[in-house]
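Before I ask anything, let me first share the structure, which is written out below as structure tokens.
We just call them A, B, C, D and E in the order they show up, numbering each chain from 1.
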Amino acid sequence: GRGEEKTVIRFGHFPNITHAQGVIAHALTRQGKGWFEERLGPNVEIQWFTYNAGPSAMEAIFAGSLDLTYVSQGPARNAHFKSNGEEIHVISGAANAGAALVVKADSPIKAPSDFRGKKIATPQLGNTQDISCRAWLKAQGFNVTQTGGDVIVVPTNNPDQLALFQSGGVNAVWTVEPWVTRLERDAKARVFLEDKDIITTWLVSSAKFLRDHREFAKKIAAANVELTKWIQEHEAEAQKLLIAELKEETRAAFAPNAVAQAWKRIKFTTEVSPNLIAKAVQDGKDAGFYKGSTDTSKLVETP
Amino acid sequence: MFVTRAIRLGSKATSSVSEELRVIAPSKLAIEDVSKSFKTGTGVVQALDRVSLQVGEGEFICLVGASGCGKTTMLNIIAGLEKPDSGTVRADGKPVTGPGRERLVMFQEPALFPWLNVFGNVLFGLKLKPNLSKKNRHDVAKYYLELVGLSRFERANIHELSGGMKQRVSLARALAPNPRVLLMDEPFAALDALTREQLYGDIQKIWKARRKTIVFVTHNVREAACLGDRVLLFSPHPGRIREEFPVELPRPRDINSVDLAAHATQITKALKSLGQAEVTVAR
Amino acid sequence: MKRFLLAAAFFAVLLLLWEAAFRARIWSPVLLPSPWQVASYLKNAAVDGTLAKATVITMRRLLAGYLIGLVVGLPLGLLTARWKLFRDTIGTMALGLQTLPSVCWVPLALLWFGQTEAAMLFVVVMGTLWSVVIATETGVRNVPPIYRRAALTMGSKRLHMWFKVILPAALPFIVSGMKQGWAFAWRSLMAAEIFVTILTGFGLGQLLHYGRELSAMDQVIAIMLVIVVIGLLADKIFFSPIETFLHRRWGTSQA
Amino acid sequence: MFVTRAIRLGSKATSSVSEELRVIAPSKLAIEDVSKSFKTGTGVVQALDRVSLQVGEGEFICLVGASGCGKTTMLNIIAGLEKPDSGTVRADGKPVTGPGRERLVMFQEPALFPWLNVFGNVLFGLKLKPNLSKKNRHDVAKYYLELVGLSRFERANIHELSGGMKQRVSLARALAPNPRVLLMDEPFAALDALTREQLYGDIQKIWKARRKTIVFVTHNVREAACLGDRVLLFSPHPGRIREEFPVELPRPRDINSVDLAAHATQITKALKSLGQAEVTVAR
Amino acid sequence: MKRFLLAAAFFAVLLLLWEAAFRARIWSPVLLPSPWQVASYLKNAAVDGTLAKATVITMRRLLAGYLIGLVVGLPLGLLTARWKLFRDTIGTMALGLQTLPSVCWVPLALLWFGQTEAAMLFVVVMGTLWSVVIATETGVRNVPPIYRRAALTMGSKRLHMWFKVILPAALPFIVSGMKQGWAFAWRSLMAAEIFVTILTGFGLGQLLHYGRELSAMDQVIAIMLVIVVIGLLADKIFFSPIETFLHRRWGTSQA
């Protein structure tokens, strides 16, 4: 047939180091050697969309204008719950860890108990790091409410954390890469605690795509596994591609050693651990963020 | 018609002919039993109280009366700009339902459009007449601007005109589209005697040549006597037509003629006797 | 009465269309919940007090920001209209700054005020102020000069002139500008509530934002409705009576 | 003073006394060699060309002239509302630098404030006078509203008034603050004969009792002769004072008196001889 | 000339204060870069074409959205001013919807238009339209009735009346509304560029957003400056001449 028989697959990701697979695959597509394209055959075209944040990508999936996307765990899970497990599924893992709690290098905070009466910034109320932070504080025996308690958790947008951290408006920050590295480099922060047992990014697909193009979905999940492996094996090359692509997408320069520094804290993996999902959901429930259904049985659907 | 007293002046012969004509010719405007009141913060103002008036085709009617007695309201109702509370207004036998080109009003304030220059203002009404070429329109506009002595100010903005000049532009704008019925509200109030006198002549010429029907409000009794076939006296609170003076002098009339002065004196006297009661109330 | 019925019918039809769109399942029910879902969210939120609390908090911020915007903006607008120097400096700044999205003010607000209500107010004021300045200036510059001249010869000067002549003469413009300023204030506040997180209370902006974060469109649409209704109420309670008064005084709006 | 011809009328005795007075009394207003031109889209209009004029304390001056000849411009310059291109204006010997309460203008258009009601408008100027209690102010405002026959319309909005009523409110507003110098631009143009006549009397009374200095623009020559100590004739293009007529009739003057009519006829004649040239140019 | 110098001096002082604040190191240089850093970002971005491309893309969207807003909003405003039925329905909607933040329109835009330029335009139009409608309505309702009456008796009707009388008479208001609409359009577009992801082009909104996300304050401030300058240019090129013309025609603004 003619060109119009090409299947267009719309793929999303954020211009962020924790979405390295997406960024790198996008870079390769841009170079004409698309990672997914090569594995899906000649009749497939991939369009890449870069989202500013999870909810935008989820809206796009609901609106039917996006098929697959790399996305942080929180928005994907929320979207899944909200659609009663009917519209969005995780088809593969992408990255774990990468989050940390940092304090000033010269901070008197040495032990968890020193956080009493202090202010900790998290990126956003109810997001992954916010929930982790609250769960951790509770585990340390603190009483934390949404607007106060023994330790005050102040949700603060990532870009604004730096200013507040520097000016002493907050004493500590619980956030995710690349901001952990930024805080270390620009605001003399020291990592107090690294949050390693946490899902950061995964690859989700719309239910419709899974239904209509099961074969493609399968190949994509497999390709993602391969890509992740390739990234693990070619760190330097991957980082170079990442930096170039991020520059292309955000018009901002990334320092290579900053990327390298952040990279170390992220664990690129395609495994999706049910335990981690259950833990995240339970923490969220404990912190009072989930009210409706939290059935995770259909969340992961490996094609 | 609500007339308490009618005084006839001028030669008997002319009088009976025009009397005849008026009976034969159908009324161009027929106002019957029209009342109009306004609600304001302070109370109700009865601007017109059961006013009736017939105006024949080609007649020139002048309305005279105290300030605030309802003359402008009367014109607005004839024009269809305002609805009477009761009574009917007919033009050419058909009830007036709204304003239109057939009955053009020249308002008491100049009401010129500030977004157009002088020429644009005069052209405005002309553009609404079909069957006029662009050149024709421009010629007509220029003609009337010359008539009112403002050719030099064709391109001026409205706010650059003096009070009298604004009124003259307004006059040109009203005359240019050549309406069948013209309702004029003190069109010469802001003009000096000399300009007025020229315009008396011009208006009479235009009126005669085009057989216009004109209802003309003025405070100048002499002016009324000079221009009108009939002069109607309004009295205020409530606004009513109280007297009617046919003026049967030959045309064109000279504002300074002695005959005319006699008429004017008559009318003024009537006006005063009417007004006296008013004044005692007002003060 | 007939007017009311017609308008009610119009909005009823909109509601029916919405329900029909929902039933037809053209769009994902997550993105387009049914009116009933939205109503039930509203009911629950009303019952558990979330809505009332958020509305009160937001209204407090909105009114404070808006009033500051007016109180600072009106005099600035007058100055700008009056003196070339102000027009060239503050007026120019106002023209440039009014197009800036609210988010631009967030870093500055945090730097200066930290995570406080003041920071939020700052963002709202910056979002409102310049449009009020510009509307006031435009209003003053469109005042027919005859009023000023008449007042001058009666001995009106300076402050008296501004407050007793120029301002009232420019009122129709200024009220129109205030209405737009109100919309600017709302939109800025919504941005501020999202970007400036503070602990002193959850407003409608946050409810809207978290609704979106959680893909809870019933919540998003419900809050949108609340915002719309507040906008209408503000008009009915505040702007509409002023406008009616002006129209009655000026004798306009008989069209 | 640029005067080509001066005609003296009235009794010699009165004439010499007022002549004397005028020399002794310092000029209240001294306009010297004032020129003013306006740039418009079409070209330059010379509204005033080297006009000089002395007005004594307590004098009543009437300005008469064709439409657009610069009368309003003259008043504006005296008021300090407009700056002359050249020449000087002094009031009480001091150069006029801007408008102020001392020289109140009643404009050609009513210029009422639509955001105030009738009473508020009249009160406006009064509020700017120090040393007046609130009650006093209200009484004064009420007095002048009654004078112009509008007590009933105290609470009315401006747009609810007829043309003549607006002008009367404007008059009340101008008289109420009792300014030393009053500059009036066709204050009676929209009024009927009867109302005018009453106001002629009132104005003269007020003027005499308060020793006001009044510069009064009108198109009505009779009105000028009735009110003015002197009547000045303006001619247009460029605007100049061409003639001056002292009117030395005893006061209060009756507008209908024969003496006054004679003066008016004289002035009209002069106006016409002046205007004739104009007209041929204009048409 | 003196005017220009004074204004220049004012802005120079602002610049010096900024430099002084930078030198004093009150705030981290990451948060408050020096004017030179911003200038150098601007230079680089200008040289490598980023800036020009982003500006062109943003301006195209802005103009398209703004024009659609005007073209749709003006007639709607006229209808609203003229007929009670429209006032009760569309007018009421406009009052309610104008306060909604732009982000509310994003899901709807995606639903209806997918991830296309049209979706972005939709968000911009929704952010602009209602304010234009309201400004037009206010303008029309404030037209002195004498103009309409005069035109009526000269036979002006319907469309002629609207286009030759009501619209020009309301122009001072409408232009003021258009200026505010322009600001709304900018702010909506900035939001739209962040929230609506499409393939075609990278605008100033994205530059601003990513600059902020990456704490590249030099980029953020540089883009803010570009937005401010574009705002000023728009005024100089478009609004100012119209206003000057109106003032000359109407004889206003001699204050």
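The rule we apply is simple: a residue touches a chain if its C-beta (ideal position, glycine included) is under 8 Å from a C-beta of that chain, and two chains touch if they have at least 3 such contacts.
None of these values were measured; they are calculated from a predicted model.
Trainee: Just to be sure I understand the contacts, which chains border both chain B and chain A?
Mentor: Touching chain A as well as chain B, we find E.
Trainee: Quickly list, by label, the chains bordering both chain A and chain C.
Mentor: Touches both chain A and chain C: E.
Trainee: Which two chains meet at the most C-beta pairs?
Mentor: Pair with the most C-beta pairs in contact: C-E.
Trainee: Counting only Cα atoms for the centres, state how far chain A is from chain E in Å.
Mentor: 35
Trainee: How many angstrom between the C-alpha centroids of chain D and chain C?
Mentor: 50
Trainee: Approximately how many whole Å separate the CA-defined centres of chain B and chain D?
Mentor: 28
Trainee: Determine the centre-to-centre distance between chain D and chain E, using the mean Cα coordinates as centres, and give it in whole Å.
Mentor: Result: the chain centres lie 50 Å from each other.
Trainee: If you look at chain E, which of its residues touch at least two other chains?
Mentor: If we look for residues of chain E contacting two or more partner chains, we find 27, 31, 107, 110-111, 209, 212, 250-251.
Trainee: Two or more other chains touching the same residue: where does that happen in chain B?
Mentor: 109, 117, 157, 160
Trainee: Among all residues of chain A, which ones touch two or more of the remaining chains?
Mentor: In chain A, 59, 62-64, 159, 163, 167 touch at least two other chains.
Trainee: I'd like to see which chains touch which, written out pair by pair.
Mentor: Result of the pairwise touch check is A-C, A-E, B-D, B-E, C-D, C-E.
Trainee: What residues on chain B touch chain D, complex-wise?
Mentor: Its residues touching chain D are 38, 40-42, 64-68, 72, 108-109, 117, 146, 149, 151-157, 160-165, 167-168, 185-186, 189-196, 198, 219-221, 268, 271-272, 275, 278-279, 282-283.
Trainee: If we count contacts the way the header does, which residues on chain D are in touch with chain C in the complex?
Mentor: Residues of chain D touching chain C: 79, 81, 98-101, 103-105, 107, 109, 111, 113-117, 124-125, 128-129, 157-160, 173, 177, 183.
Trainee: Residues of chain E touching chain B in their complex?
Mentor: On the chain E side, the touching residues are 146-147, 149-156, 160, 164-165, 168-169, 171, 246, 248-251.
Trainee: Which positions of chain A touch chain C when the two form their complex?
Mentor: 54-55, 58-59, 62-64, 74-75, 78-79, 82-83, 87, 124-127, 147-148, 152, 154-157, 159-160, 163-164, 167, 169
Trainee: If you look only at chain E, which of its residues touch chain A in the complex?
Mentor: The contact residues of chain E facing chain A are 27-28, 30-31, 45, 50, 54, 106-107, 110-111, 114-115, 194-199, 202, 206-207, 209-216, 219.
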